[in-house]
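One chain, chain A, appears in both complexes that follow, with chain B as partner in the first and chain C in the second.
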Partner chain A sequence: MFAYIVRRILATVPVVLLVALFVFSLLYLAPGDPAAIIAGDQASPADVDRIRESLGLDRPFLVRFFDWFFHVIGGDLGVSIFTNLPVSHMIAQRIEPTVSLMLLTLTLSLSCAIPMGVIAAWKHGTIIDRAVMMTAVFGFSTPSFVIGYLLAYLFALQLDWLPVQGFTSISVGLIPFLRNLILPATALGLVFMALIARITRATMLDVLSQDYVRTAKAKGVGQRGVLFVHALKNAAVPIVTIVGIGFATLIGGAIVTESVFAIPGLGRLTVDAILRRDYPVIQGVVLMFSFIYVLVNLGVDLLYTVFDPRIRY
Partner chain B sequence: MSATTVPPGYTAAPVLPEILPTPKERGRIMGFINRHPTIVVGGVLVALMVLIAILAPYLGTKDPTALAPAKRTRPPSELYWFGTDMLGRDVYSRVLYGARVSLTVGFSVACCAGIIGTTIGLVSGFTRRIDAIVMRAMDGLMSIPQILLAIALMALTRASVQNVIIAISITETPRVCRLVRGVVLSLREQPYVEAAIASGTRVPVIIWKHILPNTLAPLMVQATFICASAMITEATLSFIGAGTPPIIPSWGNIMAEGRALWQVKPYIVFFPAIFLSITVLAVNLLGDGLRDALDPRLAKRL
Partner chain C sequence: MDRRDFLKTAAAGAVSALAAPNLARAAGSSVLRFIPQANLANLDPIWTTQYVVRNGALLIWDMLYGVNEKLEPQPQMVESHDVSADFKTWTFKLRPGLKFHDGEPVRSKDVVASIARWMVRDATMGQVIKKRLDALEAVDDRVFRFRLNAPYSKMLFALGKSSTPCLFIMPERIAATDPFKQISEYVGSGPMRFMKDQWVPGAKAIFERFADYAPRAEKANWLSGGKRVNFDRIEWNIVPDGATAAAALENGEVDWWETPLPDLVPLLKKHANVAVDIADPLGNIGSFRINHLHPPFNDVRARQAIQIALSQEDYMGAVVGSDETLWKTIPGYFTPDTPLYSEVGGERLKGKRDYELAKKLLAEAGYKGEPIVLLVATDVSITKAQGDVTADLLKRIGMNVEYTALDWGTVGQRRAKKEPPAQGGWNIFHTWHAGADCVNPAPYIALNAGGDTAWFGWPKSDLVQEKIDAWYAASDLAGEKKAIDELNKAAMDHVVYVPTGFFKGYQAWRTNVSGIVKAPFPVFWDVTKT
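And then the complex of A and B:
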């Protein structure tokens, strides 16, 4: 198992490098010459060249890439064109709302989706199964910002139960924190829930037809025990895989949901950066989310060994 | 036919033309509807949206970009079916014209990503040396969350429908590529492909005649899902200001403009949202139905 873990960790290194290369190329290809911008309108071409040289912008692509990459590893993501603040600093300021939103969304959607999928598979072919699958198709087809507006209209504007928008830090108190986040998390989680419920149902259907499930039933294990202990544990590998892959939709959805609910997180930072064409910030956010995504999927691969000790690649 | 008596003052109706299908044909059509209800529902809805998009100028719309500051933010009424937005533009007209952008982006991305992904996947699945490099590059591309990659690509270029299509196609291509490559890898071990290789058939012919036809079914299903996902991505990009230029009415743009006012005038946001959701749902239903019809083994499971 140890060898597998080491191998999986080593295998992510080239992926991380590739992602970094893509993201670096983006800034490299971005329109506008930074040296000319810094030099100003009245600078002569010689001045611009001198600034370019002092910034190291005249060096070959790969040299600049590795120079930049080692800065990134050290936590230096460059400086925002617009605010002149370090990008890592700006990200650190905005990370709490986004992480809170994503964790709450994950908790909510997983705790709904897995029972839904299990019950749909157990009651395969009945009305319950169809209802779950229809909900899944609807959840899958409605963009999270549409659901967000719908929920906010119903529960905040019409019924006045919850705040329309905004964010309260968990340090203020758990209740206000949850009251602010519950609508965005539901809106964001519906797509994710649909995805997980579908895959849970599909793999459970497979597992429930296995011999060991029949054996478990025959030796007198209760219905709940069969479903949630014997079957679900064996269905876990595909489910966790989809959770890992679906994490990308969660990241994308979080950016938009934050705009809908005016949550001052990384999504808002991204949107502001797009509107101002603040390339270092865009680059920093894309890079950070991609690394998180890669790490989550590495975590998923390592979880395989917990759920299925047979796995030794 | 016996001669029926026609009362004076009336004329006999001419024999009805045979436009209705014969009972046998009707049975076949009803059978298809019964067996694949999702294909029918999805297909009809998609066709309806396509018709709306094409016929937008003839469906009682006005110029979707015409400003009328005196008639700002009117609620839905007989004159303005979906109301007017903050610049006095007719939301009904804008939503109908917006269907053009969404459908164009959806279909174009499905075609572009489908064709490019298939080509790369076929070549990659058949040549080991290219395979390793190409698949690592695809892994890298897929490691960047889709919307973020699209945002980054859009940040590089000018906002236009064409660039939106290119950016979303780039994000969708790796998925197609992987799918096709997987099919190719399993097919090339099949006896009939080995037989073709043994009898000296050239590789391009094998790919074209023996491999490609077998990838078409999963490819079609994948293409519908890509179409749906591309429409959501386009709306998302436009909604956060990184997609279709604001001058072109697209569902994402209309919602982005309605955002500031949505607590007092929610209809500006809700009408494009409803159209977007219905269209995406229809395309997804079509894809689900196609998958069930083309791959009965999967249909039982998913």
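And then the complex of A and C:
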């Protein structure tokens, strides 16, 4: 197992490098000029050229790429063109809100979606099943920003219970932290919850028709034991797979949700950097996301062994 | 207590804690929470000319002169000045007791270094002074002097100009930075200090009161007078989404929003605790920018065809909506309701729009249906609205429009290309100019018609340049007005660009905040909060 983990972690290196080359090339080819944005409307074309030169953006592709690449290898993600701050510092400033949002979203989604899916499968064909599936369809078909606006309108503007926007670090206190994050996590989590609930229901329906479930019932195991001990554990592998895949959806969703709720996270950092063509920041954030995504997939693969002892690496 | 009781108690506690009245509202009155027009992504007001940077810089750095609401430069860091009769020697004396945020006194050598850096980057007045400069010297710690080789009567306006880049005074060691490279220390002598360690670009910027700031005795008026800030701390919160910003203002989570979206203003006006008013009385002038280098618009008849067909009402309706108090038509290039405003030569922009005459002029200019590349920045509402109206207008006068939807960053790059439109160049793009930059020709780079040295589109007209020079040479208001009338006509006849109308925007604030004034920039001094 240990050797497998080491191999997988080593395998992430070429993946991340390929992503780096791809992103760098894409940004090089993409139109847009940070120097023109910095210089502003009043600047002359000569001034724009001077700024471009001072930023090193006039250098050939390979020179720029290898310069950046060797700095990355040395652990230096570079300096933002606009803020003059190290990219690693900017990412560090933004990582807590995004990680907090994602973890809370995952917690909320899984804690609601799995019982919903299990109950829907258990009560298959009843009004409860249909209600759960209707909720799932609603979650799928409503964009998270719409949910976000509705939640903010209801819970912030009308009921005055929660703030509209912003983020408070957990170091300030758990309650202020949750007050700021509960609405965005709900808005972001609804799609995820719908996805997990549907997969859980479908997998559980399949598992509940298996012989060993019938055997467990015949041995006198209670309904709760059948559902959550025997059936759910065997349905876990596809659910864990979907949770891993859904992580990418969460990253995309976080960009929108962070904008709607003005959360200073990595999603907004990425959007701002793209709009301004802040190349070092875009490259740094994409590298980090690709690395995290590879690690999440590794985690998913390892979790398979927990739920299904037949799987060995 | 059994397990169920425990869970019920815990859940009830959590709900009541989360549902407590919004604590943000109870934030101390010594903090002002402000939503600026854009993200403050950097803070070097010489390196970049973005307005949001200028607005932040106004808190940190002080200026030698500052304009009042009549656009008159008033002494700010300067105590007195002396000018020779031929306007070639200007001597200035600094006020005593000026200090930088690091505790060092402000000296003439700091001023000289700051002027030197600014002159390189200010394409309008700074470079005019630089060309005439024989010497700029620190006479002693409080006195500095310009010695020019040609008269320059607009010196005070240049030193106090509010258009970007403004002349901010920095310590010599910082001002010595290459003007094309960004500074990394934000030390000024203005009323607020920048808290760099708390800065999260894209999210928040914090300013704290500078205890040693020495305001002037006069009452503050825009950038002049005593800049007394009544808050220990000013927080700039970057809220990228307009609807969220409106909700945050309604909910009392912020105190002042610089640029509310026009669509949301009716909603804000209905809220009992929110006040809404015009932000900048000098407004903005919409711009239909034409590339003069390539057919058909290298022929003045094709450019005049646009003037004859263009309806400013259509553009303004698209840009600011149905609120007619927000806009007006302007058959001229200068800001309405300012001393030099002129309509001389603007006849083609007035009256009924004549598409047939426009088509005839286009034919005379040799237009035969070639694609017209219209660059539209679709991520900026003002340019998107203007671009859509233009696409319709061009079709009405028989032009073959190639609508090129881009983001503003890409338009910024593409508009610099001088190649023919079919080879990656362009024919038309839209922008707008702050009215404060269009009050006279000095900061008005878009009106320059110097060909290669002109702004994007590269109009070339010796007559226009001659009239700009005439304005510089004028020594009184009557002389300036005469020069401006002639300049407006020459520029209209040459069609340097086509103004699409004059429009204003709103600002909004909580009603417990008072002292907010109408200005081209947010004025934080004398604002109070209860």
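Just so we're on the same page, the second predicted complex is superposed on the first by the 246 of 313 C-alpha atoms of A that agree within 3 Å, B and C clash if a C-alpha of one lies under 4 Å from a C-alpha of the other, contacts with A are read in each partner's own complex, and residues count from 1 in each chain.
The criterion applied here is as follows: contacts are C-beta pairs under 8 Å (C-beta built on N, C-alpha and C of every residue); 3 or more make two chains touch, one makes a residue touch a chain.
Bear in mind the structure is a predicted one, so any value in this text is a computation, not a measurement.
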Which of chain B and chain C A:I128 touches, first, second, both or neither: neither
Partner chain in contact with A:V15 - chain B first, chain C second, else both or neither: first
Which superposed partner A:V237 touches (first chain B, second chain C, both, neither): neither
Partner chain in contact with A:V48 - chain B first, chain C second, else both or neither: second
Partner chain(s) touched by A:L57 [first = chain B, second = chain C, both, neither]: neither
First, second, both or neither for A:A202, with chain B first and chain C second: first
Which of chain B and chain C A:V221 touches, first, second, both or neither: neither
First (chain B), second (chain C), both or neither touched by A:V99: neither
Touched partner set for A:D160, first chain B, second chain C, both or neither: second
Chain C-contacting residues of chain A that also contact chain B: 31, 149, 153, 157, 164, 259-260, 271, 275, 277
Residue ranges of chain A touching chain C (in the complex, touch as defined): 31-34, 36-45, 47-48, 50-51, 53-54, 80, 82-85, 90, 93-94, 149, 152-153, 156-157, 159-166, 175-176, 178-179, 182, 259-262, 264, 268-269, 271-272, 275-278
Residues of chain B that touch chain A when the two form their complex: 136-137, 139-141, 143-149, 151-156, 228, 232, 235-236, 239-242, 255, 259, 262-263, 266, 269-270, 273, 276-277, 280-281, 284-285, 288, 301-302
Residues of chain C defined as touching chain A within the complex: 14, 17-24, 39, 41-42, 47-50, 121, 123-124, 163-165, 178, 180-182, 184, 200-204, 237-241, 243-245, 247-248, 250-251, 253, 379, 406-410, 412-414, 416, 431, 433, 437, 443, 445, 453, 455-456
Interfacial residue positions of chain A with respect to chain B in the complex: 14-15, 18-19, 21-23, 26, 29-31, 137-138, 140-143, 145-146, 149-150, 153, 157, 164, 198, 202, 205-206, 247-249, 251-252, 255-256, 259-260, 270-271, 274-275, 277, 279, 282-283, 285-286, 289-290, 293-294, 297
